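Next, two complexes with chain A in common: one pairs it with chain B, the other with chain C.
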Partner chain A sequence: MNHRRTGLLLILPALATVVLLFGGGLGYGFAQSLGLAGFTDTPVGLAAYQRVTDGPAFTDGLLLSLWISTVATGLAVAIGVAAALALRHTAPGQRAATFLAQLGLPVPHLIGAVAIGLLLADSGLLARAARTVGVALPALVADPHAVAVIAEYVWKEAPFVLIVVLAALGGPVAEHERVAATLGARPRQVLRHVTLPLLAPSILAVAVLIFAFTLGAYEVPALLGSAYPQPLPVLAYQRFTAAELSGRAEGVAIALLIAVIAVAAALAYTGASRRAVGRVTGARR
Partner chain B sequence: MTETGLATGSRPVQEARPATGMRRPRRPLGVGLARPTVLILTGLWVAGPLLPLAVQAFTDQWFYPDLWPNRWSLAGWEQALGPQSRLAEAVATSIGIGAAVAALATALGAAAGRALAWHRLPGRRLIELVLLAPVLVPPFAVAMGAQIVYLRAGLADSLTGVVLAQLPAATAYATLLMSGMWAGVDPALERQARTLGAGAWRAFREVSLPQLRGGLVVAAMFAFLISWSDYLLTLLIGGGVVTTVPLLLFATAAGSGNQAATAAIALVAVAPPLLLTALAARQLAGRDTALLGVGR
Partner chain C sequence: MTADITIADLDHTYPGATTPTLRRVTLEVPAGTRTAVLGPSGSGKSTLLSIVAGLSTPTGGDVRLAGHSVLRQPPHRRDLGVVFQRPLLFPHLTVAENVAFGLRMRGTDRTAIRRRVAELLDAVSLPGYGERRSGELSGGQQQRVALARALAARPGVLLLDEPFSALDPQLRGDMRALLTELHRREGSTTLFVTHDRDEATDVADTVTVLLDGRVAQHAPPADLFRRPATLTVARFLGGADNAIPGTASAGHFDCPLGRLRLDTDHRGPGLLLIRPAAIVVGDHPGDNVVPATITAVTDRGTHLDIQATSGGVTLQLTTGPAAPLRPGDDTPLWLPPAHLSVVTP
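Presenting the complex of A and B:
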C-alpha cells in the first residue's frame, strides 16, 4: 500500500492545483513584470521595476509597509505570549480563553477593519469616550502612522498567538522548566533561558505568518490607511488598475517584491528557530 | 519549512494540559496578573470591537459626541436588505463559491494529506514547500499575474474563475490540516480490511473515513471560511461582476458613508464564521484553529 506511485497519484491533484493555478499565475506575472507577456507596453527587461522603485511613493510605501508589519507582529506576539503565560496553569481558564480566542480568529479582516474604523474614527466611540473625560485624540484613522491598520492586525492576530503558544506550552516545556528550577534558576531566569527559547519556534512561526500576511494584505490599509504614503499592497493595486497599460506590469512588479520580502522572512525564520531550540535542549532538530 | 508545522498541525502537538499534582514553587513572570482578569480581557478583546457594530446597525441617529444612540431604527437594515443593495444575492453568491471551494479543497486535501502522512514521496521537501507557498506568498501577486489568463480563457468575471482563483490557498490549508488528521489514523487497519478481501476504496470508506469525519468537517469549514473572507482575489478575477459579501461590504463601507447599513452588512458577514466556529469548537484542538488565524 505504501507504494510511491499511489502516493504520487494521491498528491498529484492538490499539487497540480497549486502549481498550475498558483505557480502559473506567479510565473506569468513575473513574465509580465519583465515585459515578456500580457497586455503591456513595457519594454523587455527591468524597466517596470525601475519605474516602480524610482521615486518617493515606493520608498515611503515600503517603509510604511515594514513599519505596519513589524509593529503589528511585535505587539500581537507580545500580547499573545503574555496572555498565554498568564493562563497556562489553569485548565478551565485555558479552555475558556481558547474558545474566546477561537471565536475571533475566523472573523474576516475586512469586518475587523470596519469595526476598528467605527471604534477609532474621528467621530468613533473612542473619540466620544475621550471627549467625555475631556481629552482630544489625534487622528487614528488614515493617519501617517497607520494606527488603525496596526490596531486591526493586533486585534485579529494576538488571539492567534495566544492559541498557538498555549498549544506549544503543552509540550515538554514544563519538564525543562522544572529541571531548571530544581537546579536553582530563579523564575525570571527560567523564563528568559528556558521557557521563551523553547517557545521560540512556535512564536517565530506565528510571527513569520503574521508578518508575511500583514505585508501582503490589501483591504485593511485600503479602508483604514491614509492617501499618502500608501503601503505596498495598496500601491500595487492602484498601479495595476491604473488607466495606462504600463501600470499593470508595475503593479505586478510591486506585488512580486512583497512576495520576495515575505519569503525571505520565512527563510530567515527556519534558521532562527533551529538555533533557538538547540540552545536549550542541546539537540538540533 | 516543516517547522511551521507547529502552527499548522502537520506535526501533532499535545494539547496544553495543566501539570497535575506538581506545583512549581514559584511561578514565572506574567502570572502575576490575576487569571480572571486575563480571561475577561480576552473576552473584551475579541468582542469589544464587534459589539459597537451591533449597536450601530440598529440606529440612524448616533451623533458625535453621544456615547449612546438617541434613536433606534431599522433604516440600516432596510437599506442593507432593500432592493438596491443586492445583499441577498451577494450572500447566495458567497455561499455558492464557498461551498464549491470547500468541496474541491477538502477532496484534494484529503487525498494529498493521506499521501503526505502515509506514503514515501520522492522530493517530499519540495512538495511540502510548494504546498506551503500559498500560505506565505500574498495571493494577489498571483491573481494579478493570472488575470490575463483568466480573461483569455473566458473565466474572468465568472463564478468558475473566482472558485479557481481561491482554490490553491484553500487546498494548501486543507492539505496541511488533513495530513495531520491522517497521521492519527493507523494504516494497519486498512491493510487488515484489504487482507479480509475489501477493495481499496471500500477499505478507505469503511475503515479510515469514519475516523476522519471530524477532520473533514473542519477542513471543509476552513476552506469555506477562506473563501467567505476573500476580497481581493474576487475583485481581481471576478472583476466586480461577481459580487460577494466582502465586496458589497467594502463598497458600502468605503463609498456610502451609511454607517448603519455598513454595520448591518458586517453583521451578516460575521455571522457564518462565528456560528461555524462555535458549532465546531468541540472538534477543534488549539493547533487546528491556529490555521484559522492565517485563513484570511
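Presenting the complex of A and C:
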C-alpha cells in the first residue's frame, strides 16, 4: 500500500503534465464542440456534430480519408518490406538504402508535397516529359483518387518501413530461416512460414503508425488534394478557420471524430498485434 | 533412408582470412553410424558441419551424401536434419507444429503428421506437450523438441552442432543417453560436433579429432585415449602428463625406465605416452614392471594423485582414494603394454 502511494507520488509530475497538456486541450476542444465553451453561437448539445455529419461532404471526406490512409499504408508497407527483403543480403545495398532512406526522413511532408506537386501536376515535369513523346497523362494532382497525396505519403513512409523491417531482420530471424531450410523448406516456404510471421509484429506496428498519421495529417491533402471531396483534416481546418462563429465548434467536432476513428484503428491493431506478438513471443492467446 | 557421408579433401578459407579454416579434411561416415568431430574452439569443426548442411560453400573439395555430390544443392534438398547449439524453436508455432514443420513443408498428409509427431514427442519424453509454446519449456525440453523436429522427416543424415553445451552438466548426461536411444530407433547417420571429449566418446562410435583445420586422428573412442596419433592429440585429450623420451624398435621401447615391451609402428627416437590412470601400482607377472619410489601423494577425495620416480624419470599416476601409499614408499609399477603408445616428439 505504502509502495503504491510512493509510486503514485513519483509519477504525479509526469502525469500532471500529460493530463494538462493533452487532456486539457482535448477537454477544452470537446467542450467547445458541445457549445459549452469558447466564443460561439452553437447551442449546447450535439448540434455541431449533427451539422458537420449532415450532408455528403462529411461522408465523402471520410471515405476519401480512409481510402488515402489504407492505400498509402498498404503501398508503403508492401514496398518497404519488399525492399528490405531484397536488400538484406547485400551489405553495400543495405548501407546505400539506409543512407537514402535517412536522407528522406527529415524532409518535412510540406516540402515533399511541393516536390511531388512539381513532378506530377498538369504542368509538372512528368506531364511535360510525357507530352514531348505524345502521351497525355490523366490528372494526378487534385484528382478524385488523390494519387499525388498517396504518392507523397508512400515516398515518405516506405523508407521508414524499410528501416524498421531491416532492424527487425537483424534479430534471430536469419537463424530461424536457416533452421527452416535444413528442415526442407523451399525459399518461398521459408518466407511464408517463417520470415513473414516473425516480422508480423514490427510490420503491424509500423503500419498502424502510418495509418494513424496519414488519417490526421493536413498539409499534404491541402496542397495536393482536390477541391471536392476533401479529406477530414482539410475539412476540419476549413471549418475551424471559417468566418462564421459556429465554425470553431464544427472544426473541433470533425477533429475529434478523426481522433475517434484513429483510436478505433489503433485498438483494432492492438488486438491483431497482440495475437501476432503472442504467437511470436510464446505468450498465451 | 539412412545415407553415408563422404567428405573428401575439403578446404575452406573465409573471405579475407589469411589462414585456411579447413585443410584437406577427409572423413567417411558409413550409413547408420555415429561420428563425433572433436576439436577445440576455432578448430573449424562448426564450419565443417555448416558446409555439410549446405549453409556455407567450401573453397575446395567435395561432400557426398549417399554417394552423390551435394555441394551444388541448397540445404532444403539435402535430406538432412540439423540441431544447433541453441534450440531455435519457431516462436510463432506450438511444440507440435515445430516438430511437424519439415513434414508439412513436404506436404505429408495430416494424419501421418499427427502420428509421427506423437511418436517423436513420446520418444523425447515430452508426451502431451504438443500444444505448448516454446517459451513455456525449459532449455533441456526445448533442445529435445529441436531433436524431435530434426528427426521428424526421417532424414538420411542428422547433424548436431554442440547441441548440449548450453545445458547444465546433469542434463547433458541425460541428453547423450537420449541421443543414443534415438539413434538406435531412427538410424539416421549422425555427425556430431563437440569440444567436450566425454560427450564425443559417450555418443559416437568413431571420433575424429580436428586440430587447426586438419584431421589429426580418426579412431574409435578407446583407441583415441590408448593410442593418440600425435603429441598434440594426446595433449588435447589430456593424456600427455607422462611423456618419456626414448627409442622405439619393433616391439620395444628403450628409455630410462628400461626396455619396455609394446606394440608400435614407430621407429627411432620418440616419446612414450601413458595416461596416469593406466599405471597399475603393485607387482604383475610378465614384462613392463618397473621399481619406483613414491615422492608425493595428494588426496583429491575421489582419487589420489601420485608422483613417483623410476630410473630418474618422474611419473604421474592416479589410484583409488583408499590406496595405502605414503611418500618414500618403494613399490613396483606395471605399465600395461596395451596402454603404451609412442609419438613423434
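Heads up, the rule we're going with is that the second predicted complex is superposed on the first by the 258 of 285 C-alpha atoms of A that agree within 3 Å, B and C clash if a C-alpha of one lies under 4 Å from a C-alpha of the other, contacts with A are read in each partner's own complex, and residues count from 1 in each chain.
Heads up, the rule we're going with is that contacts are C-beta pairs under 8 Å (C-beta built on N, C-alpha and C of every residue); 3 or more make two chains touch, one makes a residue touch a chain.
Since the structure is predicted, the reported quantities are computational estimates derived from the model, not experimental observations.
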| item | value |
| --- | --- |
| Touched partner set for A:P197, first chain B, second chain C, both or neither | second |
| Which of chain B and chain C A:A268 touches, first, second, both or neither | neither |
| Touch count on chain A, higher of chain B and chain C | B |
| Which superposed partner A:R178 touches (first chain B, second chain C, both, neither) | both |
| First, second, both or neither for A:E219, with chain B first and chain C second | first |
| Set intersection of chain A contacts, chain C complex versus chain B complex | 178, 181, 186-187 |
| Chain B residues within the chain A interface of the complex | 1, 3-4, 6-7, 13-19, 22, 24-31, 33, 35-36, 38-39, 41-43, 45-46, 48-50, 52-53, 56, 64-67, 108-109, 111-112, 114-116, 118-122, 127, 130-131, 133-146, 148-149, 164-165, 167-169, 171-172, 175, 187, 190-191, 194, 225, 228-229, 231-232, 246, 249-250, 253-254, 259, 262-263, 266, 269-270, 273-274, 276-278, 281, 284-287, 289-290, 292-296 |
| Interface residues, chain C side, partner chain A - complex | 53-55, 74-76, 78-82, 84, 86, 88, 90-93, 101-102, 104-106, 133-136, 149-150, 153, 159 |
| Parts of chain A lying in touch with chain C, wherever the complex brings them together | 172, 175-176, 178-187, 189, 193-194, 197-198, 200, 279-284 |
